[in-house]
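For reference, chains read A, B, C and D in written order, and residue numbers begin at 1 within each chain.
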């Protein structure tokens, strides 16, 4: 067992206590009506170190809507399917724009800047979908999540997916816009259906931290020994997370936390300390860039106290 | 002495040989006439490890115009002067735009996105200048470089500075534009004069790698023991380098190289492997984003062979 | 009878002859497959003067897809329904952008710049639709056209409408984008259905020139005596046509032709010489801004020879 | 004498009375300190009909800074010098942007959208300057104004010009930006010096209305018989005024007033009723688009009561 575990347990517990007492909690997203029902009080955190030790605190077992965090896993899947050809459909540069901006698409003829802004994730979903029925593609994504998290109980929250289908006009605009440039191969409704559904996957912090372990350990889950991707691909996915994982708050997250991470509008963040740990936090209140307010603060505290920044001791 | 040194020497030498033979060398910048005189053949590299061992190959002793690499050091100086108040004048998000874009400035009322695009570096220079004569501010910047590199012979190439003063219309536009929003305190000519001169500092790969050591080692030069910045500030400067150090090729550099780095249009790149080494490469041919073509390829090879990526083994 | 009629007949006939001989004919639009079938050879022109004298030449009786010219009539209808409240949904400034740009919508929170760019026309259609079934709204638009043209045979080309429904991804993006800002009241599919169908109305130059007479004569058809709109409203619609009627070729059209006009991607242009005549031209080849190439040249020649510019003798 | 004169005199006098009593007066421009000293109370109007009858009311003899209205006359001069070659340097489309936007310049590689936004007028000034000393070019512009207004007493307000030279950072940015694309031939300081000075010409409503007569009468002053430009060129300048004369309030001005016009930030507007009259109004308070608030309202009333709209009776 890692000698840092006792410390880690205390630090995680302290942070959860500190978060519980903070008056500033951000704003719960309301644009998806189902998400708006979650209270801003929730806070959960799970850290799984290299040995597989699970350290958790707060609401770490409560499932929440992972939303854009799913994009890390669809990116992984799509790279597995088509390799570097994926980059013909989507770039890997930070966008300098909000998550749902359409301006960049006009300037760059329908090619999204990176796979983590909405347009880019829709393009990635379209790649996964190609040649399949939406139901099959979605099944594949869900089974991949269950496999990574070693947990077959993970499901999709159909109410959230239905809510997005009814109200996701901006995403529908993005998808049709890309379609007009020929960037999407499948019928827009098919691609969006799969996209809205994989964003509606529900997971707890524990499940999410488990699913992210391969990114912390050179593409391989060190407990099961399962190799998910090559070490180089794991590094590269981490790099895209660092530069693009928090929309136009990505620079801020790198500056303050110093770890690759991906946020979701449901309030979750998956972060990776390469070689050390996979971390998931959840708190539904968001900051102005759409990232979990307390989630970011908790990760900043964790990385600082443990010296886990990738940018130096 | 580090056990990796013999390997390091061979790897660096191999890379220099490989670079020498590549037919693709990028395009030498012509927009500053003085820079256009440098041949595309040059290639130099210096790596200084944690022990202070200097490993070099190629034209590692030839001085070149560091150009935008100076922005790392002016950022360090300005943070030392005004601390986090600096961030009222400049953001720290990737811009999603070319290095000399003015569009973002209009949208964000004169506040540059980050300290490494031209507008941001001009704003940082203005902070350093405040309350001083241009000559004094410039002297302070130059002495800082000499101190960091432990080399009092470092100088400014006046011909390059004069060349920029005559032809830097785009930078003059950026500065006046920020001035119109009240973002600059000093006369535009003063600020630009200092800016063009610190970009015209000439350094060799060896001098540059030496100057960057504090960033690789928690803010402190491990050989001299001089503390330049706090460990936290060193990490944060590295984070800004990673997300913003290569203009709109920053995502690509993070993806391929996996190290914080800052490029200059003179063909230099300073890169930092936290805890391990400070690295400088130089090759004047540039890629489409304005970053050294062979410099990036050499750093990618180096990081890969040594397993130095910050994103995992 | 107007004393200018003999001259007018000769001038119109000359112009048709000249157009027939020109080698430069522009490019027929291909983005709607049905439109791409029309040959670039066609040229028709009809001028109806204040007395109701019809002067025509070329293919003036051939029906063509009026496309965006329908926007003049939907604007007229919508102003009749909701008056100046329409301007809460759409501006009346030239856009400085192509007809299908989405950038401006992001900057101005879903409010289109004017009723003649696609987004603006979709917003106007949504106003006409409100409280009705698509079929009813479309019926009302078609009957309005038949009434204005005094011709109950005018119909909608269902093949063109179907073609747009299948391929109109950009317009679907625009509509969903506006919907995301709450600018559209009706289901996106309903609004787009009506929009695509009214753009698919088929009319000949003669029918179109007849339908536009009220704009040339203070809101009233001088032959039937039917008052369609007030004189002030007729002037104002003409003003919007002049500043916005040719997308980002509007300035060019005003500069060269000097008459209010509205073009359609089917190659038609409706132009108005206030107090003097209503004019329709048709030639399917388009210029770079998407306006009829020969149509504009013919109108320039006509306005010049007759001294009909609104900008002076 | 024109039979409309008695009516005209009464209407003009009524309008001046009505304007005096309105509580809404807009905001006096403060960005040029010298302009900020003028009181918002002032209102003047002069109408000169085809016979040369001068009808005036209010502060019609008070000189004010004509600012951007000078751009109509520099456009006329530059077209006289280089003809249609001018349009290689500047477009003639409405910009859809504020008067001092730099975004469009980046997108269109330094070519301003039209000669009436600041960037375009600077480009036009650069054409007039070519091959001359700034003093000579400025003398030529001033003599042209004196000739058109038949008044040798017209002068430049040096205090206003000096004020702009000190504070015109945005215009300096625009000029340097165009220079970086090679759109300006002369040293930026020279071009800006001439630009700031011709904007600082002081004229009364009477002088301005006199100077604009050639635009109302086919390029010729009907009283002196002097031909200034061809009828076609007069029409075309009027067309550019209509589509671009009021920045991003040009559509609004066309919609409400229905006459070609050019506003200046000093509160003046020159308007042209082709074949009927040249009109100047002045009231220093501006609306949100930077155009004279009462000036526009007065012109709307005048055009409506006299039926002078170019868009129909």
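Heads up, the rule we're going with is that a residue touches a chain if its C-beta (ideal position, glycine included) is under 8 Å from a C-beta of that chain, and two chains touch if they have at least 3 such contacts.
Computed from a predicted model, the values in this text were never measured in an experiment.
Put simply, the chain farthest from subunit A by mean CA position is D. Averaging Cα coordinates per chain places subunit B and subunit C 56 Å apart.
Distance between subunit A and subunit B, defined via averaged C-alpha coordinates, is recorded as 32 Å. Note on chain placement: the centre of subunit A and the centre of subunit C lie 48 Å apart, centres being C-alpha means. Residue positions of subunit D in touch with at least two other chains are not found.
Chains touching one another, given as pairs, are A-B, A-C, B-D, C-D.
Subunit D contributes residues 91-97, 104, 113-114, 215-218, 231-232, 234-236, 238-240, 242-244, 248-252, 254-255, 258, 260, 274-275, 304, 309-313 to its touches with subunit C in the complex. Those residues of subunit B that touch subunit D in the shared complex are 101-103, 105-107, 169-170, 172-177, 179-180, 188.
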